[in-house]
Amino acid sequence: MPEVRTEEMLINMGPQHPSTHGVLRLFLTLEGEIVKDVRPYIGYLHRCFEKHTEAMTYPQVIPYTDRMDYLNSMSNEWSYVLGLEKLMGIEVPERVEYIRVVMAELQRIASHLVALGTYGNDAGAFTPFLYSFIDREKVLELFEITCGARLLYNYFWVGGLSHDIPANFQSKVKAFIKEFEPNIKMYNDLLSYNKIFIERTANTGILPLDVAINAGATGPILRASGLKYDLRKDEPYSIYHKFDFEIPVAEQEVGTVGDSWNRYMVRIKEMVQSLRIIEQAIDNIPEGDVSSAVPKRVKPPVGEIYSRTETPKGELGYYIISDGSLNPYRVKARSPSFVNLSILPKISKGHMMADLVMILGSLDIVLGCIDR
Amino acid sequence: MDNFITSLLGENILTFVLVTVPVIAFVAVFALYAVLGERKISAWMQNRVGPNRVGKGGVLQTIIDGLKLIQKEFVSPIRADKYIFNLAPIIVFTAAFMGFAVIPFSSIFIGADLNLGLFYFFAITSLGVIGLMIAGWSSNNKYSLYGAVRSVSQIVSYEIPTALAAIPVVMLAGSLSMQTIIHEQAGGILNWYIFGGPGAISKLILFPFMLTSAVILFISTLAETNRTPFDIVEADSEIVAGVHIEYSGMKFAMFFFAEYAQMFAVAAIVSTLFLGGWQSPFGDLIPFLNNPWIQFGWAISKGLLLVFVQIWLRWTLPRLRVDQLMTVCWKFLIPITLIDLFIIGLYAVL
Amino acid sequence: MDINDVYNLLKKVFEDGIGELKTGIPVEDCIYVEAGKIEAVCFFLRDEERLQFDALMCLSGVDKDKTTLTTVYHLYSYALKHRLTIKVDVPKDNPVVQSVYQVWSTAEWHERESYDLLGIKYEGNPDLRRILLPEDWEGHPLLKDYKVQEFYNGMKVPY
Amino acid sequence: MGILNRLDSRIEQFETGNLMITSVDKLLNYARLSSMWQMFFGLACCAIEMMATSASHYDLDRFGIIPRPSPRHCDIILISGTVTLKMASRIKRLYDQMPEPKYVLSMGSCSNCGGPYWEHGYHVLKGIDRIIPVDVYVPGCPPRPEALLEGLLKVQEKIRTQSIAKQIKKA
């Protein structure tokens, strides 16, 4: 019998491709439908964040942090502002802390909703995407009545906030919680426990815990691999120690710990926990002034700090070096998506092309954050 | 008297034209409105409005889409195999349309009542896969090649359960002619083959098996028309747009057209085999409703109902993976249809 | 273990490989390590029972002054929940640092980024190419004396 | 341009507003403006607002605008976000792959002029109009969905003023 000649197929996926979530380019080596090798090429959205920080004053950097991970601007700002506050030794008023917690958790819900919707889209189910955007609009409206912007807020300032919350904010948030809570069950019925969806995602792209830690995975991806670790609990910043909430980790429910389905499911469960935090915080916002601690000139002493917070995508760290002037000497952003994407080649080899799309979607990357 | 036009005019060229034109017109109007229907139904399912600017409530949207597509430049990529590239949409469209020849719209109207009608239908619709194959191949695009390979493996595999699920009806009716099959189901909703066909004993015994066959036939025709959850041929999140990635303008519209025409064709086949085709569900209780002209309404509305189910499924379910698609076909559908076939065959012989 | 204990431990094992310990400035203390020893030191930090730094949080390149580039390693231990900052100084005219890719695979992309933006070369990195900027880009933008090129591929770069 | 190329020079003599030509013009323009298929393509922050605009709350489908993944099926490309120098050549190629007649909408300050990255953004293209022609600019960082809709309506307005005869002449 003559030998069958086989050839590897080299395919460029992206930078324009419906499921690369932006301008990511994947260089695939395929054997039929099986993925032999994946090489991510990034930098198509490199917007020179770090060079900009060196030319701007400290508060001017905040809008640029917004534009890094544009799906969770609030959390980006928080991490940066938190670092500066620690460096300058500013005590933030209690009211500010509460509002920040509420905003960050709302932002987490909004970000996870996009993750959910686009993930459904990757799987070929278009409807969850539209449902999740209906819910996301409600969150955006809350942001909009507070600071006027839908996407990029410039809301957290060093020592305070740009605006106080409006009078009807609390009642609106409560109304949102009431509307949104039953929808989570709807998403579970529509997508999470759909037989086809489970078949597509369970047991694909398994990331073992030791690899996850060694490769620097953080956030939902680390928790889906089975480690109960969340900066909000394990290295509590702000006032998270006051709230009672769980950290969702992967359980042996469907598939294997560390697979795509669990990465997706951890996010759904996190939304429930975020709602719990908001419920606890929203009634206890103390009276006070949100801008009393805002310094006129932000001029930290010579020094450096690595501040990190738990954003929806994982651990976002800013390494800020101050030389005592008005401009930062160096700001390095350690973005969660950047590290999480670097795991992709490790977990997608040997899967099919359709699985690769699902694995990439389960990492929930944002290219603005990767390329900065 | 299979065709009132034939009986009126006899067999001549005018008859053939007169028989073909209404079918073409129907398919054209159907395809246009199925696209619009799909957009409207999906909008309705997703809390949206859907197209509403062109005409009242957007009723002319797809016509205007077509008018726009006529104006588009037709790009043929420099590396594409030009003749085959241009031929492919025509093959796909023709194959989809030729199936309509044997679809009975009424007891007095059918394009051609072949005594091998069902066989002809399966044979001719699978020609479409050749069109898809050469479309994907000649585009000289890796994504469309993937689409082509996927479409061939998918459609060829699903031919088997489609045929196997249709055979029980053929055995019970004793004919491959579409009109005969429908005539066998006369006498109201309970005599339809989905409920086991005419005859009290056969209903009791055959109902579960015929129902399974009907469901399997519906599922595998979904796969043959590349509808979700089996739309891996044009899965946008994986291979962008599959075989028609390089087609623009009217050539692309022809693929679109063919897909929607085929949706109705397979729906009509399912309704002919299992839902009594043009038979009124009330049988002889209300003789007026079995009037040959009302029968058009029954045939079309049963088809549309099944098309609606196809659209409904598309906007609800995620899609399967290639290997899972094959697993469903070879490990589930084919064994189940074989068992079905055996039992129904046993019954038919006895 | 506080930073002094870590420092003493490292000093005992690696002697000359460890530079000074810097404390007192806000907010972070750090230990300086020789560029040629960093891989061994990191292996030790990861595998030593009392330290167990199993994760590299961040790796940053810094243009320290006119003659020096610095690589900063922020380490974290999930097992023991403590952190450590390590710095490696290299001269600008020969910026070569050992790669810590073998220790933490996170480092691969971080090192590529640092090479891309600052030009620090990491010896032993399996794939040391530019990561954010195009392959044919000139210069390393995060250097303080970086001059933007006028044209790239026929497109004007400055406003 | 498809059918228009075939009509070719015969049209030119009708240049000055022949009654029949204007009516055909109107119909064809109406077809083009009512069914602008958009490219399923996002760059940065603005892409999220673009997605929000096509989602249920704002619903671009009302205007007959649906996203298509392949550039060959598209009529309009929304440049939604910062264009970097590395990406610019790819966008140019995508634009070239689209069949005529095609339209470009530049969404957001970044693609209009570089936006907040205009000064120190060494890797940002300062305006998409440096590589491809733009029909409508929508300002904002990012523009609200309403602003994007307004921009799309402006594109429709522009199409409404086009004529077969004039286009042939230009080409």
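Going by the order they are written in, the chains are A, B, C and D; count residues from 1 in each one.
Everything that follows uses one rule, which is that contacts are C-beta pairs under 8 Å (C-beta built on N, C-alpha and C of every residue); 3 or more make two chains touch, one makes a residue touch a chain.
Since the structure is predicted, the reported quantities are computational estimates derived from the model, not experimental observations.
Trainee: Using C-alpha centres only, name the chain that sits farthest from chain A.
Mentor: Looking at centroid distances, B is the chain farthest away.
Trainee: Taking the mean of the C-alpha atoms as each chain's centre, how many Å separate chain B from chain D?
Mentor: 36
Trainee: Using CA atom averages as chain centres, what separation in Å is found between chain A and chain C?
Mentor: About 25 Å, centre to centre.
Trainee: Could you state the distance in Å from the CA-based centre of chain A to that of chain D?
Mentor: Inter-chain centre distance comes to 31 Å.
Trainee: Please work out the Cα centroid separation of chain B and chain C, and write it as a whole number of Å.
Mentor: 63
Trainee: Quick check on chain C: which residues sit in contact with 2+ other chains?
Mentor: 132-134, 141, 146
Trainee: By residue number and range, which residues of chain D touch two or more other chains?
Mentor: Those would be 40, 56, 69, 86, 119, 122-123.
Trainee: Of all residues in chain A, which are in touch with two or more distinct other chains?
Mentor: Residues 17-18, 43, 46, 48, 51, 130-131, 134, 371.
Trainee: What's the contact topology between the chains, one of line, ring, star, complete, other?
Mentor: Graph shape, chains as nodes and touching pairs as edges: none of the named types, so other.
Trainee: What's the complete list of touching chain pairs for this entry?
Mentor: So, checking each combination of chains, I get A-B, A-C, A-D, B-D, C-D as the touching pairs.
Trainee: In their complex, what parts of chain B are in touch with chain D?
Mentor: My answer: residues 39, 43, 46-54, 58, 61, 64-65, 67-68, 70-75, 236, 240-241, 244-250, 252.
Trainee: Any idea which chain D residues touch chain B in the complex?
Mentor: My answer: residues 1-5, 27-28, 30-32, 34-35, 40, 56, 59, 61-64, 66, 68-70, 72-73, 75, 97, 99-101.
Trainee: Quick check: in the complex, which residue numbers of chain D touch chain A?
Mentor: Where chain D meets chain A, its residues are 39-45, 47-49, 51-52, 55-57, 69, 71, 81-82, 84, 86-87, 90, 94, 116-117, 119-124, 141-142, 144.
Trainee: For a test of understanding, state which residues of chain C touch chain D in their complex under the given definition.
Mentor: 132-134, 141, 146, 148, 152-153, 155-159
Trainee: Can you list the chain B residues touching chain A in their complex?
Mentor: Residues in contact with chain A: 42, 45-48, 142-143, 146, 228-229, 231-232, 235-240, 315-324.
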